[in-house]
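Structures for review follow.
What follows is chain A paired twice: with chain B in the first complex and chain C in the second.
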Partner chain A sequence: MALRANFSVLFASFKMRLMTITRYPGQLVMDIFIPIVFAYMPILLGRASGSNPAAVFAANTGTSNYIAYMLIGSSVFTLVNFAFWHVAYWLRWEQEAGTLEALYLVPTHRIWVVAGTALYSCLRGMFSALAAYVLGSIIFDVNPFQGEVLLALVFILVGLIPLYSLTLLYGALILKVKEANALVNLMQWGVSFFMGIFFPIAIFPPLLKVIALLFPPTWMTNGVRSALLGVGFFFKTWYLDLAVLWAFVLITPFFGYWVFNRTERSVRRNEGVGQF
Partner chain B sequence: MEQIEKPQKQSHLTAELSAFWAMAHKELIIMARYPVNFIASFGQTFLIVAIFTLGGSMFFRTSAISASGSRVETSTGNPSGVVVYGFILFMFMSDTLWTIGYNIRNEQVQGTLEQLYLSPASKFASLIARVTNTLVWTSLLSLTAAALMTVMIGKLPVKNPWLGLYLLVMTLAGTFGIGFIFSALTLRIKETAQTVANFLQFGLLVLCANFFPFSALPPSILFLSRLIPLAYAVDAFRSTMMGFPAGFPELAPFPIELMITTLFGLIMPPLGYILYRRAENYARKHGSLSTY
Partner chain C sequence: MTSPVRTVKLSKTYEVRARKGLFKSEKRSVEALKSITLEVNQGEVFGLLGPNGAGKTTLIKILTTLLLPTSGEAWINGYNVTQNENKVRASVGCMLMGERGLYWKLTGRENLEYFGALYHLDPSARRKRSNQIIELLKLGEIADRMVESYSSGQKMNLAFGKALINDAPLLVLDEPTNTLDLPSASELRSIVRQLNKQGKTVIYTTHIMSEAETLCDRVAIIDRGELLALGTVEELKTSLQREGITHIEGVIPARAEEAVRAIPSVLQATRTAQDGGALLTVVTASGREILPQLIEALTHSGAIIQKITPEELTLEDVFIAKTGRTLAEDTRIANK
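For the complex of A and B:
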């Protein structure tokens, strides 16, 4: 089918999801509220910890601005959260909605449908993450636009591609194991742990550190923190860290797509994709 | 001709208990049929505990302190006690909202609600049966989380165990009552209940100060905390288990908190039941019981 027609399917999928969520405005409010609450908890624990929490925090992380540090972490967690729930859970969602059979009958490849879902997820995630970060900064009386804001945005935008590729890999696992809710719940917290949303990964033992560095979101989170708060890039300079992220951009989409395709074909040959 | 055996008459109480056990058994069987879900719950608990504990430890640990091996104490007592006991109550509170409160929708979605209402079995037993699930599953998760946090933060103080147990029972009874009330709300507002449950879960997390002492809250939020009985229950429980260190309890003198927690545990379940029956009757009269 022509490329134009495929993009038409992509935007139709995107528009459908967008229309659905606008029917639940309360959910959009919660999307902004929850990251602020998540960040609030370690912030409050820090404030109760002693006479000079900022100094102790700076000794451990490289910045005394623990509020922005936590807010950045929880905002990036929001992005990761949406990526996993919307894309990795996508096929399961189609099964539950009863539209999966129709998807397999149309001439368009399903990748264009999931790409539309990914675009929706990106938009919603970015909006929620940025709104939570700015609103949280205002509430806690911190400047949200300190440091190199454009560089931080570049890290986020570049990091989104490998992040969503990772969700394809995970979607393949869900196709096989089927217990989607439990696995997505586990993975979102797993990735958040390895990303170090509230702490630097420098505190990990060597093996965990290596695993953490294999996760693109880890580079994304540290890139944003280093750009805004100056905590320090992994390779000391921003362009080297960005280069690593670009390497992930080149490798992970093809790998993720290949694994998902293989798994889907295998499931179709055996128990069938409709079983859930 | 074969003699037809007369069915044995069961007393009303025996029938109720039998129905309750059947429903609880069903919930436990469903739990056991999803082993990945079961194992993932423990994994998820471990990760959540690790994330928030390591994040909080950024305010405590320094290289000097780590080298000396000494434990850091917050300005308001042992952080392990404050965080772990608060976390345990948060897990029950959160699970109550979802497993008891929102789970009524599962019966609607599964299509088993109509059968339940056609049978002579107690409808309220269905609600109570989910309490069993919460007690078993959430207790296991809480124990796991407590053990993990103890390893990561520091030794957990365990003082006044019997008084602590009494306060825990009263607090759980009160949270179950909140679950019944939320179940009633779910019957009215349907899918919007998911958003409300999320809001309540995180709102109570802050207002009841489950992960930090109440002294960390700004005055405007502390004012709201003082209006919530569950906040006094959290404060009383962890103050008791920590052996009443200086500054604890934080919201009110202990005898007052004990009274509030007791009243919370005694009043909320019957109140929740009354509100649930009202919502149920409303839904039946307006034909919305099976709609979701």
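For the complex of A and C:
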């Protein structure tokens, strides 16, 4: 009964977010175009910087299809971006709207409300990322469904779990420091750099490479690129790379939940969740 | 029977940073609640009075599990607020943030149904309860409009409706008539009374004394984190009348004034001339209990009494006597 009631909360939270976004229809259209515009700049830069950008790119990345490479990078980044803005920023949004305290007055753990928000964010992100990837491929005249499409999807779906778990850590930070925009912006650029949206992390110095490999989105991006474009898995085979993502799945949700709960309690011990 | 609300030596200390210029700050402790012990009885409307920063919101936030106490304990409907948080939350209907606790991009009905879901009502129960609330608060015309288009008063009404969604036995209402016009405020108070008659216990904070006087069965006056007075409005007034003022008009000779002054509990007696007689203002240490003695002293000393007017006390007088200032004064604890 309790589990069923909690899933009902999850669904209600999902539905509430969905209803809210339908009241901003223009935003949904923008979601699709932003990743294309994002990928457009490095693609044009590549074309402008040499006589044969595809050959130079292939030498460094393992694929000459730099257009699809950029589009995949910006589409996966859309998922990361959505996760941080929709879930981590969600707390701040509720706080500023004055509804966060109302959520702490109900007999449901916030994690179920967050889960509903995450589900909404995942679906919106997946829709936008896929639409942007397909539309971008049509615009730039590349085949979007080359390689192993199903394997690419598996990497995305498995990678979403640790990604959303990481947003809980970030949500906890926002709950504590009460500032979201700068933090999410900083994280956005940091993660986009480390996950290698426009370049392979193989070109990083060793220390940066280790840091990059600690981010689940890095494994997601490379997994999708390897499945679709054959750029090469970090451990040479897809199942070992996927196993690393599964390891993140086993660790990050519990860690994220633990940190979030501790921060929540600490905030309630002092100023409360409503203060911003 | 379990008390709806019970607190024992409940205290709360905040760590705050006092800003000193652009970059410097100083850490300070502020005692927002100091060892509050009180009990709210089943089925009563319990008023919580205090100026801004008095500690009443802190107390309410602890009782509704939003804040953790620094020390002491509290129980809501028999559940400990720090150990059975979800049971406490399920058994309380809260209106704490006024119009701010609503989703403005949803309609009134969608808001009610969403919060119904968060209180674990199944979809049909949510719809039924939302309809009941919409009918009770006469929100039918605006229920399917987005909240952002509501007036401030309509938002307050919806926020009140949200507090009723889980049909809890205890209602905690923090200044629910703020921003309501007079007829709407009166309507809301009558609904509170109606819900109270149906068996709901209500904790009601307000800074409008007349509201507390007409609505509350018992009142607690809280200031600077301390519980200064607790009782029915009449009890609080009576306690103050120990230092009552009585005005006596008539023909009052000087010796009558002396006779009154000779009564041990009379603190002060002042005679002033009036058209065709005199006015004697008597300040006593024992309120109205002294009236028979006063009358006897006056009549035996040749006075002809035309009118006796004991000064009528209001809850505002009680508040001023207990706190040393009016409720309108802003006494934010942070600026203390």
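Basically, the second predicted complex is superposed on the first by the 275 of 276 C-alpha atoms of A that agree within 3 Å, B and C clash if a C-alpha of one lies under 4 Å from a C-alpha of the other, contacts with A are read in each partner's own complex, and residues count from 1 in each chain.
One rule holds in what follows: a residue touches a chain if its C-beta (ideal position, glycine included) is under 8 Å from a C-beta of that chain, and two chains touch if they have at least 3 such contacts.
Values in this document were obtained by computation on a predicted structure and should not be read as measured data.
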Chain A as common anchor, with chain B and chain C clashing or fitting: fit
Chain A-centred angle between chain C and chain B, computed on Cα centres after superposition, in steps of 10 °: 80
Partner chain(s) touched by A:P53 [first = chain B, second = chain C, both, neither]: first
First (chain B), second (chain C), both or neither touched by A:T237: neither
Contacts of A:L186 with chain B and chain C, given as first, second, both or neither: first
Partner chain(s) touched by A:N143 [first = chain B, second = chain C, both, neither]: neither
Which of chain B and chain C A:S8 touches, first, second, both or neither: second
Greater residue coverage of chain A in the superposed arrangement, chain B or chain C: B
Minimum C-alpha separation between chain B and chain C after superposing on chain A, in Å: 8
Complex contacts: residues of chain B adjacent to chain A: 34, 36-37, 40-41, 43-44, 47-48, 50-52, 54-63, 72, 74-76, 79, 83, 191-192, 194-196, 198-199, 202-203, 205-206, 209, 211-213, 215-217
Chain B partner contacts - residues on chain A that touch it in the complex: 24, 26-27, 30, 33-34, 37, 40-42, 44-51, 53, 56-57, 59-61, 66, 70, 73, 177, 179, 181-183, 185-186, 189-190, 192-193, 197-199, 203
Chain C - residues contacting chain A, complex: 14-15, 61, 64-68, 86-87, 89-90, 92, 94, 96-97, 100-106, 110, 113-115, 117-120, 122-123, 146, 162
Sites on chain A touched by chain C in the complex: 5, 8-9, 11-12, 16, 19-20, 23, 97-99, 101-109, 113, 265, 268-274
